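Below you will find the structure I want to go over with you.
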Amino acid sequence: MSLTVFAMTGATLVGLGVYGLLARVHMLRRIMAFNLIGSGLFLFFGAAGARGAALDPIPQALIITGIVVALAASALAVGLVVALARSSGTACLPDEAGDT
Amino acid sequence: MSLVLDIALCALILGVGLATVAGHGVFRAVIFFITYGLLLAIGWARLGAYDVALAEAAISAGLTGVLLLAAHGRLRRLSAAEEAPLRRNLPAALIATGVALALGWAWFALPDPAAPDLTAALPQSGVGNPVTAVLLNFRAWDTLLEAIILLAALIGLWMLARDRAWNEPLGLQYHARAGGVMASFGRVLPPIGLIFGVYLVWAGAETTGGAFQGGTVLAAVCLVSLMAGVLPAPRIAQTAWRAALVFGPGVFLLSGVAGAIFAQGFLALPPALAKPAIVTIEAALTLSIAVTLVLLVIGPPDDGGQDA
Amino acid sequence: MTALISGLVLPLLAALAAIALPARARLPVALLGVGLTLAASIWLAISVWTNGAITVSLGGWQPPIGIALRADGLGAALGVMTALVMAAVALAARHEMEPLVAGPRTSFGFWPLMLLLWAALNAVFVSRDLFNLYVGLELITLTAVALVAISGKAEAIAAALRYLLFALAGSLLYLAGVVLSYAAHGTLDISLLAARTAVPGDALALGLMTAGLLVKTALFPFHVWLPPAHSAAPAPASAMLSALVPKASLLILLRLWFEAMPELATPVALFTLAGLGALAVIWGGVLALLQARLKLIVAYSTVAQLGYIFLVFPLAGGDGAAQPWAAGAWTGAMFQMLGHGLAKAAMFLAAGIYIAAVGSDRLSDVRGLARALPMTGFAFALASITLLGLPPSAGFTAKYLLMTGAFASGQWAWAFVLVGGGLLAAAYLYRPLTAIFAREIAVTPRPIPWGWQAVPLVLAMLSVALGLLSSVPFDFLQIGRPDQAAEGL
Amino acid sequence: MTTTLPVLLLLPSLVPAAVTFFLPQDSHALRNILQLGGAVLKLGLIVWMLVAVATGATYEAEFPLAPGLVILLRIDALALLFISLSATLWLLTTIYAIAYFGTKAELSRFFGFFSLCVAATTGLALSGSLISFFIFFELLTLSTWPLVAHKQDKPSLAAARVYFTYALPGSAALLWAIIWLESATGPVLFTEPPDLSGLDPAALRAIFALFIIGVGVKAGLVPLHGWLPAAMAAPAPVSALLHAVAVVKAGAFGVVRIVYDVFGAENMTALGVGVPLAIVASVTIVWGSVRALQQDEIKKRLAFSTVSQVSYIVLGAALASPLAMIGGLVHLVHQGLMKITLFFCAGIYDERAGIKRINGLNGMGKRMPWTSACFSLGAMGMIGLPPLAGFVSKFYLGLGAIEAGAPWVLAVLLASTLLNAAYFLPLLYRLWFLPCAANTKCDERAPGLVLPAVVTATATMGVGLLAASPISPLGWATLIVTQGYGP
């Protein structure tokens, strides 16, 4: 039962992240939204991997890899946002700065 | 009882997650995001996935949080930290709900769990912690590429430097007051962190821990030392730093090639040698991961000037 | 096996060396890596040709515990195409990325990024593990984004950020599908998934993975990130981005729909994929028609040219896979993948020469350059022949095989896409060609070394030669092909 | 030997093409030697082959590209007719072009594409299957485009664009038709016409229409002829090549192949598509002549005359009676000889006397007697005066029309002859009977230009006079029809 709770939390987090990604234009927000989606998926995955008799280590290893990959992508994205702000004075993509 | 606890924890996670997305102000969102990561780490502990919990806390909450905070600081200086308030966005809400519902449905549609049987393989892997066995033996290729990804992200990040700043020290320069909190913190913390980080790597073979978690702790130590001015800020031109970056992946890669030459194949570890090999690889990897993470967080060389 | 592993290890080692070694050793070590990896890719193709598909279980662990790699005809062919493009890119970058020309930052970063991208592409071409493919895709994404941003210009930064945004969204969608299929079947291996017991969640998993890969392949309507990114990058980087990077996600898409879960390929799904491809052909072509810069025209043409490949889904997928025309249609799409790669790289490298010569790629500035740089003009024209699908180029072989499949399967409406797309390509390539071959020179060009000019020409000639000598590649692509149907029509 | 000869026939044009592209502009001697050497060598090979074929040898070479995609080169009687014509005229045009251009700019590019164009025509003639025909057809389009655009001034570029705008959709239609047909019948070889009995007649009619549109663009069938007069912006040797040797001829040749070797005369009649094709051809014949009459520029007038004359070949094929077919086939050769003569002369008038319009021709008969004599022979041949070449063609077409039970064609032929006379006779009148403008500078002491014209003009007369001989084009065409397509 607990697993279902975690899985549903994961699914909801993915939804939250998707909303943040689509509705927010500040790029730091979007980077956080990405991480939210990723961690939601991982939570879902972790819950699924815990269903068997023993804890399946493969999802755990994959999740750790995924977390590190997400960090690498976030670091590059953050760097790009700072560079964008430096060159154009805004942390939003050119054609979206005015929206929302 | 534990179900109630889990439900409460999940509600908290969702609440903080919601605040990260919908809350007002980018800075506050970052703080919520860090909190979110820590709560999620507790969730992982509840699921019994201690390795993941450690990774979540150290990497997602810790390093990503520092990264975001530092970025927010720079954006504020460039007056780009402000954002338009959140307006209702129906299409986005529909898509988000759809995705969440689809995943929710998928959970209930899952067949009985079908995990691969590792009982025969684990004793051959050389380590007692099954997660480490997967990461450094069964799926070592993933882990090797993952270390390379960190490196690629760093090279990519450096490409965002301005040409005139290329030979400057990395990152914006911090100036800790002599005798201030940061300075004393910077002297006291590193030895403790160093020991903890090394322990995590060593322990990772048998219980919770591992190269990435240990590397993160070492990176934190290194960051604090840099901020406190105990360590001089690195420059790209310094060969030692660049050598430290490639050392771990290089050892990993060459041990894989050695497996191809002397054992059954690429990345193969003979059971007798598996444990020392994994510990060696992990040690080398930890060093490089720590350095890479530090440099990822402090960013490309920056002379503080503005383009526009 | 050694050949397969060498193609992965050599570029990685060369990249690590290029990062660590001091500046003067960087170029030699990078070029050495390029040469050795090229040799390894050709060696792999030769061993696949003589021994059939090569399978390796990494670390000696069989799936589902470990990761399996498998080089089939398609993977090895893409590997060779990639190696040829990369070698050409390296020869062009030797001039364009020189420290004195490009500055110390760019000349430092280009080589490791290029070599890492190459390693990641080779990894994706042979991997049979869905999560390992995810890791490979991420490495491709990060290096590709960095290569877009490398020029440091404001529009390049914005284009790179938008690219990263789309690519990460695509990655997460793909990852969601991977998570679901592992949760259901306890394996990530494509061959094991093919033998799984189907569950209702499979369709969702496949749908999520497909959506993610479509974003990464820049299929209409997810193409908006591609033209700004590919045109903002320096020319050698654009060549890699346009010719190679979309092929990786496309290959995974093919592996999913033809190997892992072919039974989920319903007519509606296949029609949707090809329909989007058809719209990409038209929309990419129309937008290419409206551009005033050479690189933007070439970049929009990538959107259009990738669209053709999606016709493979209804022509050779689903129930059609067992039909006699499937082999031809499938191989036709693969010829498009290979031919487009060579031709598109040639075009971007030619554009790079023009930019180096006159400092701009506006059509008004490249006027008459064929007179001063005849080899480059000739290269652009030859590459255009492939994109137009005119004989005897690889593009024609592709078009012929796909059209034959369309008529043989009674889905002749798709032939309109092939023929109309060719005419549209003629329309949008006519302007750059007449500009380049104009009589009067608009801007007097700087001299370009002979060895550099020859690079795009060789690639363009290869794209034509692939069509002229297509019988060996045709047989090669059949090695390890799923659904071995009766040979051809 | 039997497989190498078809390939060998391509090489005398391909090799000079490949080498010429990379020659520096000022290495005139080497370039000319290459071009002439290639042309002479090819002619020699063809003579050798003619002898061999007469003794019963067959030649075939095959290059598989992919399943169904096979380049097949085969020598049959029809191929020989076309290839002999093109090889002979190529040699003459090369001599003419070398003299015409002298040391002008961009000659390496010009002669490179020139040879490539001839290689494509050779390949087209030798093609033994539909798909190889298509491949060389496209190669021809690609290699002639730079020739049309050669001068790179505004009119040439516009002409080249118009040419592409017509040619590419035409190719698309042709490819569509080929793949549609082959998806039902498998690869179509010209030696064994496909079995069409099981196919839907409506689909077959559509396929036939697409085929005719595809090759009709090149053959200049009305209303697909618009590019041909526009292409007059090209230099004279190019016009000669386009009209007499390569492009238009390739279209007409394609019609013959499609009618006789793909569909077969009987199927064409059974499908009821022969008469519509004959009507299209007739309309083209009359309309081309009417338009020619309205032109003031010599080359434009000749261009519309080509539109008209080439459709005699199509008409011969469409009537599907043996005699009409002989008339059409022999016109393939005759029209080539006559039209190339006229274009050679038009080029000489332009180049050596600056005459572009017909009123400039006044009195040129005395000032440029050789050129004017050749021009007159060509023009009279076009009108169909006996015993010149054009008469033979028209005579056989007329007989064929009666044989095919289509006497209305006689009216078309008569109208066309009258129109031909109406637009050519005034030129001859101007040449020989009007006084010349006082101080026109002219001289025809350019043997490289005049000699080819004299040769072709003599041939125009010769093929008419010697029509009864078995080695004349008429004898050859009769052989083709009685052997290959006889009832």
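Note that the chains take the letters A, B, C and D in the order they are written out, and that residue 1 is the start of every chain.
Rule of thumb we're sticking to: a contact is a pair of C-beta atoms (placed from the backbone, for glycine too) under 8 Å apart; a residue touches a chain by one contact, two chains touch by 3 or more.
Predicted, not measured: the structure shown is a model, and the values here were computed from it.
Between the Cα centres of chain B and chain D there is a gap of 74 Å.
Centre to centre, using the average C-alpha position, chain C and chain D are separated by 43 Å. Averaged C-alpha coordinates give centres for chain A and chain C that are 28 Å from one another. Averaged Cα coordinates give chain A a centre that lies 68 Å from the centre of chain D. Annotation for chain A: residues touching 2 or more other chains are 14, 44, 48-49, 56, 58, 62, 65, 69, 72-73, 76, 80-81, 83, 87-88.
Among the residues of chain C, those in touch with two or more other chains are 131, 135, 138, 142, 145-146, 149, 154, 157, 176, 183, 186.
The residues of chain B that reach two or more other chains are 103, 110, 113, 115-116, 118, 138-139, 142, 146, 149, 152-153, 156-157, 160, 307-308, listed in rising order. In terms of which chains touch, the assembly is arranged in some other way, matching none of the line, ring, star or all-to-all patterns.
Here the chains touching each other pair up as A-B, A-C, B-C, C-D.
Those residues of chain D lying in contact with chain C across their complex are 21, 64-69, 131, 134-135, 138-139, 142, 149, 152-153, 157, 161, 164, 168-169, 171-172, 175-176, 179-180, 182-183, 186. Those residues of chain C whose C-beta lies close enough to touch chain D in the complex are 327-328, 331, 378, 385, 390-392, 396-397, 399-401, 403-404, 407-408, 412, 415, 419, 422-423, 426, 430, 434, 437-439, 467-471, 474, 487-489. Within the complex formed with chain B, the chain A residues making contact are 1-20, 22-26, 28-29, 31-33, 35-36, 39-40, 42-44, 46-52, 54-58, 60-65, 67-76, 78-83, 85-92, 99-100. Those residues of chain C whose C-beta lies close enough to touch chain A in the complex are 131, 135, 138, 141-142, 145-146, 149, 153-154, 157-158, 160-162, 164-165, 168-169, 171-172, 175-176, 179, 182-183, 186. Every residue of chain B that touches chain C in the complex is listed here, in rising order: 102-103, 105-106, 109-111, 113-116, 118, 121, 137-142, 145-146, 148-149, 151-153, 155-163, 166-167, 236, 239, 242-243, 245-246, 249-250, 253, 256-257, 259-260, 263-269, 307-308.
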